[in-house]
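To keep things simple, chains are lettered A, B, C and D as they appear, and every chain counts its residues starting from 1.
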Amino acid sequence: MSIPNPLNKHASNPICIQPATTTSELQPFVDSLNSCPKTGLHNPIRNIDRYLMLGDVSRKAGEFLKSEEGEEYFARAIMQCMPKSHQQALGEVRVTANFLLNFSSDQVRFLARGFSVPGDHDGQESRGYRFPYGPVMIISPFNFPLEIPVLQLMGALFMGNKVCLKPAEKVGFVMELFLRLLHDCGLPKSDVDLLNSVGPVAGELLQRADVRVTQFTGSSTVGELLSEQTRGKVKIEDAGFDWKILGPDVGDTEYVAWQSDQDAYACTGQKCSAQSMLFAHDNWIESGVLDDIERIARDRKLEDLTVGPVLTHTTEDFLEHVEKVSSIPGAKVLFGGKELSDHNIPECYGAVEPTAVYVPLEEILKEGNFDVVCKEIFGPFQVVTSYGSSEISSVLECCERMSHHLTAAVVSNDPSFQQAVLGSTVNGTTYVGRRARTTGAPQNHWFGPAGDPRGAGIGSIEAIQMVWSCHREIIHDNKVQEGWTRPKCT
Amino acid sequence: MSIPNPLNKHASNPICIQPATTTSELQPFVDSLNSCPKTGLHNPIRNIDRYLMLGDVSRKAGEFLKSEEGEEYFARAIMQCMPKSHQQALGEVRVTANFLLNFSSDQVRFLARGFSVPGDHDGQESRGYRFPYGPVMIISPFNFPLEIPVLQLMGALFMGNKVCLKPAEKVGFVMELFLRLLHDCGLPKSDVDLLNSVGPVAGELLQRADVRVTQFTGSSTVGELLSEQTRGKVKIEDAGFDWKILGPDVGDTEYVAWQSDQDAYACTGQKCSAQSMLFAHDNWIESGVLDDIERIARDRKLEDLTVGPVLTHTTEDFLEHVEKVSSIPGAKVLFGGKELSDHNIPECYGAVEPTAVYVPLEEILKEGNFDVVCKEIFGPFQVVTSYGSSEISSVLECCERMSHHLTAAVVSNDPSFQQAVLGSTVNGTTYVGRRARTTGAPQNHWFGPAGDPRGAGIGSIEAIQMVWSCHREIIHDNKVQEGWTRPKCT
Amino acid sequence: MSIPNPLNKHASNPICIQPATTTSELQPFVDSLNSCPKTGLHNPIRNIDRYLMLGDVSRKAGEFLKSEEGEEYFARAIMQCMPKSHQQALGEVRVTANFLLNFSSDQVRFLARGFSVPGDHDGQESRGYRFPYGPVMIISPFNFPLEIPVLQLMGALFMGNKVCLKPAEKVGFVMELFLRLLHDCGLPKSDVDLLNSVGPVAGELLQRADVRVTQFTGSSTVGELLSEQTRGKVKIEDAGFDWKILGPDVGDTEYVAWQSDQDAYACTGQKCSAQSMLFAHDNWIESGVLDDIERIARDRKLEDLTVGPVLTHTTEDFLEHVEKVSSIPGAKVLFGGKELSDHNIPECYGAVEPTAVYVPLEEILKEGNFDVVCKEIFGPFQVVTSYGSSEISSVLECCERMSHHLTAAVVSNDPSFQQAVLGSTVNGTTYVGRRARTTGAPQNHWFGPAGDPRGAGIGSIEAIQMVWSCHREIIHDNKVQEGWTRPKCT
Amino acid sequence: MSIPNPLNKHASNPICIQPATTTSELQPFVDSLNSCPKTGLHNPIRNIDRYLMLGDVSRKAGEFLKSEEGEEYFARAIMQCMPKSHQQALGEVRVTANFLLNFSSDQVRFLARGFSVPGDHDGQESRGYRFPYGPVMIISPFNFPLEIPVLQLMGALFMGNKVCLKPAEKVGFVMELFLRLLHDCGLPKSDVDLLNSVGPVAGELLQRADVRVTQFTGSSTVGELLSEQTRGKVKIEDAGFDWKILGPDVGDTEYVAWQSDQDAYACTGQKCSAQSMLFAHDNWIESGVLDDIERIARDRKLEDLTVGPVLTHTTEDFLEHVEKVSSIPGAKVLFGGKELSDHNIPECYGAVEPTAVYVPLEEILKEGNFDVVCKEIFGPFQVVTSYGSSEISSVLECCERMSHHLTAAVVSNDPSFQQAVLGSTVNGTTYVGRRARTTGAPQNHWFGPAGDPRGAGIGSIEAIQMVWSCHREIIHDNKVQEGWTRPKCT
């Protein structure tokens, strides 16, 4: 499989050539998965020295990523296949490094912390444990070639699972590099299998091997398909049509405009947490926030990759969508809506300017328009609307009617306004306050959707425990009291 | 819908006549479910006074069930539609009462306990919350007409969900009585809808309403079907083919035999936690444990309902299965395997003696036999086998190959043996020690399967939080530091 | 010991006559305490059925207090010896009832929840437990004759301790009544000893019996004395000189004034959480908050006990202090500062109007004035001051220089202001927001001082675990790996 | 202050010359401590970026100690002032390294994790936080010159305290080296003051500065004195007279004997967790365990420091105590009881062979003997006794009568025996099972005494939170409901 250079259609060499495993080559993957019991490679009762081994591996890998050499090496690898600014690529590596270092030393075994409660009589005690699922699969996306697969992979390993990892084809070599690092740091080679293949091959593997859980990050279409195929044995972090509400209290206007630009357009809008819709209170409109955002967005340029290729929409598709949304009555393109000039991005990708389209709130809510306006475009595109103080319920109706609930931002320091919005929305990662943003998936707090029992979190202690382990309760009861006599059957 | 008397086919009256809602009558149920937002009837930010209201309701209902009058009233109701001994029926009511009283006063709001972690700079703090799913459905089984639906229902309500409850048709009137009690105790009538219908009507409802999670307790066949239909938006507590291992250390023989009889035959074996397979170490065989169990099981009789009708297998089906298993080479019926004498149980039900069939361990493991031997029979039936000290790995292979992992028992006080078994098995509720049992689903510890991401627990704090709420993280970030200047776009 | 009627010096009868145990009568108390081992009456490993017994006792006692008859009975008992309004007395009973019901059913054993962490090799696991101290003593104050001793007593019992309870002499008969209720609800009589005596007798007992922890609620003078005598084996909830800051954002003025009146004068100011000092931002002064408070305070009258006798200061002492504070340069009496008219309160008690004295902020901070101004007066007295936006650091300096840090209130909805105050103060129970108050010690959250390692909390799960139990870690390690050979000594 | 070479009285040079601060030089220490507010250098609301800074410092220091160069450097430093075998010194460094690495990255802020509970009405929420004490003092002992002060120091800093550290004079230079490392790793110099002085100077400092908590590790005599002087503002980890019980089930005899030798004599018995008393069941006596221990102990020799100087008892004192104990009726020296031959250890120290004295159980229990037998000797000395199955209550009586409860070991795999001992003893760190030991204070589990409210733990998350922070609850309550009207005063 040959991966074309996403920045230069004229480049003579692909960025890499890698295996493309076919269904006829799957048997070793099947056998490897099936070799792992349901109790995993380790659990709180068996092979517990592996917790310490993994703490050591995580620390060493983290130290390498934390070094200047290490972070630059992986940032360059990321940029080669998923063009983003150097700062964004570095950010990805640093979050990954911090995550790995969070699980140094004893911290992997602390993830397996259980609890105990006294029973009914002396000698009885119930104990709750976190058990692994055994053989599992991870299917990871292209936009964060390192961070997303590493955080899920390590979480899976920490809890005792054996992993078959299928990264997005376009960026798979980043994880190949990382796995080599893990092996150097002491990870046994049999802990993880890397599947370089197209999606359907992974689908076939899921049918043939007894995969206990599949963790998928990517589009909601594929997510629903996988859910059906596995009859729900999934943990999904899928599409986000993420919104930001600017509340009635205006302030720190340059900051808020800058953050909005970053949320909508950093990484060329290719983040599942990107700001897809902005609800600006009339006070903010009057303060000129839309002009501010436009002004800042105009600084973005291809040469430093503050805008870059869109990997899942062509330019044509993108512009067609802009056209569709902007033709709603009262709608208008605020800025962007054009192809980038002077670029060599291949035609299979998109090359477009950061774009914002204004649509009146009452039009968004109309049955025919809602699905068009709230369609996720994985690129530098946002819908903007405005509302007055009496229309907050319409804003909340919009939020409620959306189908996926990943990130959100409530830009307000007014506690009443905060509560009104927070109590009536359900996005899994919601930022609130003057500095609220939609993007930002650091390793120190939960990141993931809410409102769906199949939803997956990533990175935090809670996310790892929830996605990669299940509750098991073992009740010890070892002593028949003296003088016991047999009661009647019941 | 007319529910026949399960104990007397000649009875002139059904035990009750109840509505049988049809698909054409579903609209009010659809509308009611859809009236509840995804943020539920309450959540940690909105309508939080409901936590206290529910604490009050739970306490009052618990107090009634705890009263002599209350427990007898519901025990009688249970026995009428699901014949079990008075002691078993009382046990069901008592567990329910204890559960309800566990959530008195502030304890419902304590279920909604969240956490906070300092952020990166002053003014930032991440907070984790437990949010409800909104409109949900509960489909509950016939064997515990009160306990199972009440524990799931209250858990769902506590966390903020609105519930449509569909109990098994045969026993639905018990929950009708209980809902009336809840209303008397102050539960708003709009919190719960009761759907009296056959299964497919519930299936239709799931297609028409936006049900966020469906909690199902029942057969694995229906469980898988629901998983597919809802694409995994389920929490399932399904079939258990539960095993008990008697370890090498023999002692307290009368106790162990009595507990085995209870585990296999109490409630006529109609518990998802019933002992389906007994692995007895040769030392136990020599001590005569099988004779002891037989002796005790022979005390069971229809008149006091220590054996009763089997509601999901006919006598013929049951005996056919006994025949099939006992015809495996080396196998033999240890006791039972006959129809009850002198009974008036309707033909649509089963009327059989407590039965045990011995099958040699090496035969169980054979490809052709395994599925036959490990088929769950929801009645008074168990398979017995024996093993020597060198065969423990074959025993563990059996446990690993089974498909569902609900309860298990390891009857041994030897820590090495305990670890060997516990570290290589995954049953969600595993009892260990001389008093280990497979049945017993009290309100004070987790009860549920492990090893499946769709698995549901019941009753304990962890179970309620896991099944009925999801993680949401809200990151407060309210202060732009003085002197902030806009950095470059990335 | 004869307890005089606090409302009528002419009353012919005392409110009760009770035993006054002397040091020569202490031996049975010594023996009883010493009969309890350091491992308590129960702990997570021994006599664990007592957790359930206590859950039952707590529920039954709670149900009685929750009944109309029960709450009125105890409210009347309280009012007889500690005159407060009927509403305040009822409030005390209701908090107590809610607390007791919080520990129904399994909730006592849930307090003893432990944890487990995997060890270094298979067979090793460390387990944390909460162990009791064994024989303990509780010395409780007069102002909450029921709530304070009950919450501490039950917490002590729940965790496994045996208690000698010494209530304030003036109000001891309330706890005698309550202990009788507990006995009726099933508490073994040997669990608690009631010591009716003056303080020094209790001090003597502490020297003669091996009391492991003494929990004291009362004046800081006695607290420090006890700390020295027991060499720190204490848990103290002592005096509070509690403050409220009204921030720059004015609003809900009637609410804020009403809450200030309640905080300063409810229960005639005899709460350890009473508002002793009010810092009002100039904006609030301009809005007339001081007039509002005065207007509301003038409604208080002896006949409905919204003002009543002060039990620890005479009228003379009180007025002398008012004089002292108001003679500071710039200071003035805002209202009050007079003896009540038409009363029969005995001379040994105080009979004074709700009083507020204004002192300029810069005067408070002066070395000679600070201790006078910040002296706790356990009666209806508060100091008021004002500050401008540039003086917040002087306000915080005041808070820092105070010696005890129980409750505080920050009346502001401005997140920056909130953080500025909260990050620089340390009061253990701090209310923040427009509805902030200093009083309010409900059973649902922590109440207690912060900043002192000897500090005691009351009522909440965390408080009970922290005050009444200690950490014990038991590390199981049961398996010498095969092939182990002895290493060299080290 | 000149520190003599503990191995060679003829050495011409001391191991180091260091400052000996006098009371007249204390003012800078007073000022530095007093410069820190009660809210600490940081807390969950103020200066929260320090959590991340400290995570970084801890990681870097840990990485250095983890390196070959780093661990050898500090092992040599330890051995120079506190002679112990190279393996023991390395062990100390490794535990310290693992501890530091446990708090890499975000793990320091995770220590500050708080919680939230919904309040009574919308807009109210109670939040629990962990707050520092502010200025604190640590007084650390000589036997673990690195591990004990580092673990306590870092815990104190992590939670936000400012520390004045006073290490034992003889070993203070190890911490001087370590502080320099911390500074290199980024710790601000103003976070920690190092006080090189004799004890009384520290006592004076405690009187002059407002030290909020003093953490002391050392002798119980000094511990009690400090408790009195500070009126209980202490956290103490003092003397341990630690016992081991060999239960009735004999097995793994060589392992158990080896572990007993290590527990009693490693580090020349100078561990607060050293085995001071061995209760061997008659079955073990018959198996020859005492001969096994003697055989192993005889391998110890001065040249490799498997036995070394005793720093707090002279040879004479030690032998006098041996004489005293062995003169009890029925008692005898099992081995040792002699001065080392061919040594140059200074006379101010002890130079003795590993020693065991047998005393009959019934004699130990006698009033006059108990205090002699159970006196802690901080050197290579243990008391041995034996018991039969009917005498377990006498063994437990011994354990109960001891005054301090640090570590203990229950060498048995029998669950009934385990429960009998564990349920009736209270040692804070108790090992149980065939591999049970008394020594071993790794960073992964709690280490500290139980049964005393002043007791301090070390190293684990729970220990850090308990010793170095206090609970503070902040209740947000920001919204006056519309239509609120003022109720009557109460």
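To be clear about the criterion, a contact is a pair of C-beta atoms (placed from the backbone, for glycine too) under 8 Å apart; a residue touches a chain by one contact, two chains touch by 3 or more.
As the structure is a computational prediction, the values presented were derived from the model and not from experiment.
K.L.:
Tell me which of A-C and C-D has more C-beta pairs in contact.
P.N.:
The greater number of contacts lies at C-D.
K.L.:
Compared with chain B, which chain's mean CA position is the farthest off?
P.N.:
D
K.L.:
Taking the mean of the CA coordinates per chain, how far is chain A from chain D in Å?
P.N.:
It comes to 44 Å between the two C-alpha centres.
K.L.:
Round to the nearest whole Å and give the separation of the Cα centres of chain A and chain C.
P.N.:
Computed value for the inter-centroid distance: 48 Å.
K.L.:
Measure off the straight-line distance from the CA centroid of chain C to the CA centroid of chain D, and report it in whole Å.
P.N.:
Comparing mean C-alpha positions, chain D is 34 Å from chain C.
K.L.:
By residue number and range, which residues of chain A touch two or more other chains?
P.N.:
Chain A, residues with two or more chain partners: 45-47, 109-110, 117, 119-120, 122-124, 413, 415-416, 419, 423, 433, 444, 478-479.
K.L.:
Which stretch or stretches of chain A touch chain D in the complex?
P.N.:
Residues 59, 62-63, 98-99, 101-102, 104-107, 109-110, 122-123, 415-416, 419, 423, 443-444, 461, 478-479.
K.L.:
If we count contacts the way the header does, which residues on chain C are in touch with chain D in the complex?
P.N.:
Touching chain D: residues 37-39, 43, 45-47, 85, 87-88, 91, 117, 119-120, 123-124, 126, 128, 131, 133-134, 212-213, 224, 227-228, 230-235, 252, 254-255, 258, 261-262, 265-266, 296-297, 299-300, 306, 400, 405, 413, 419, 422-437, 442, 444-448, 450-455, 457, 460, 462-463, 466, 470-480, 484, 486-490 of chain C.
K.L.:
Which of the residues in chain A end up touching chain C in this complex?
P.N.:
44-49, 51-52, 109-110, 112-122, 124-125, 127, 129, 413-416, 433
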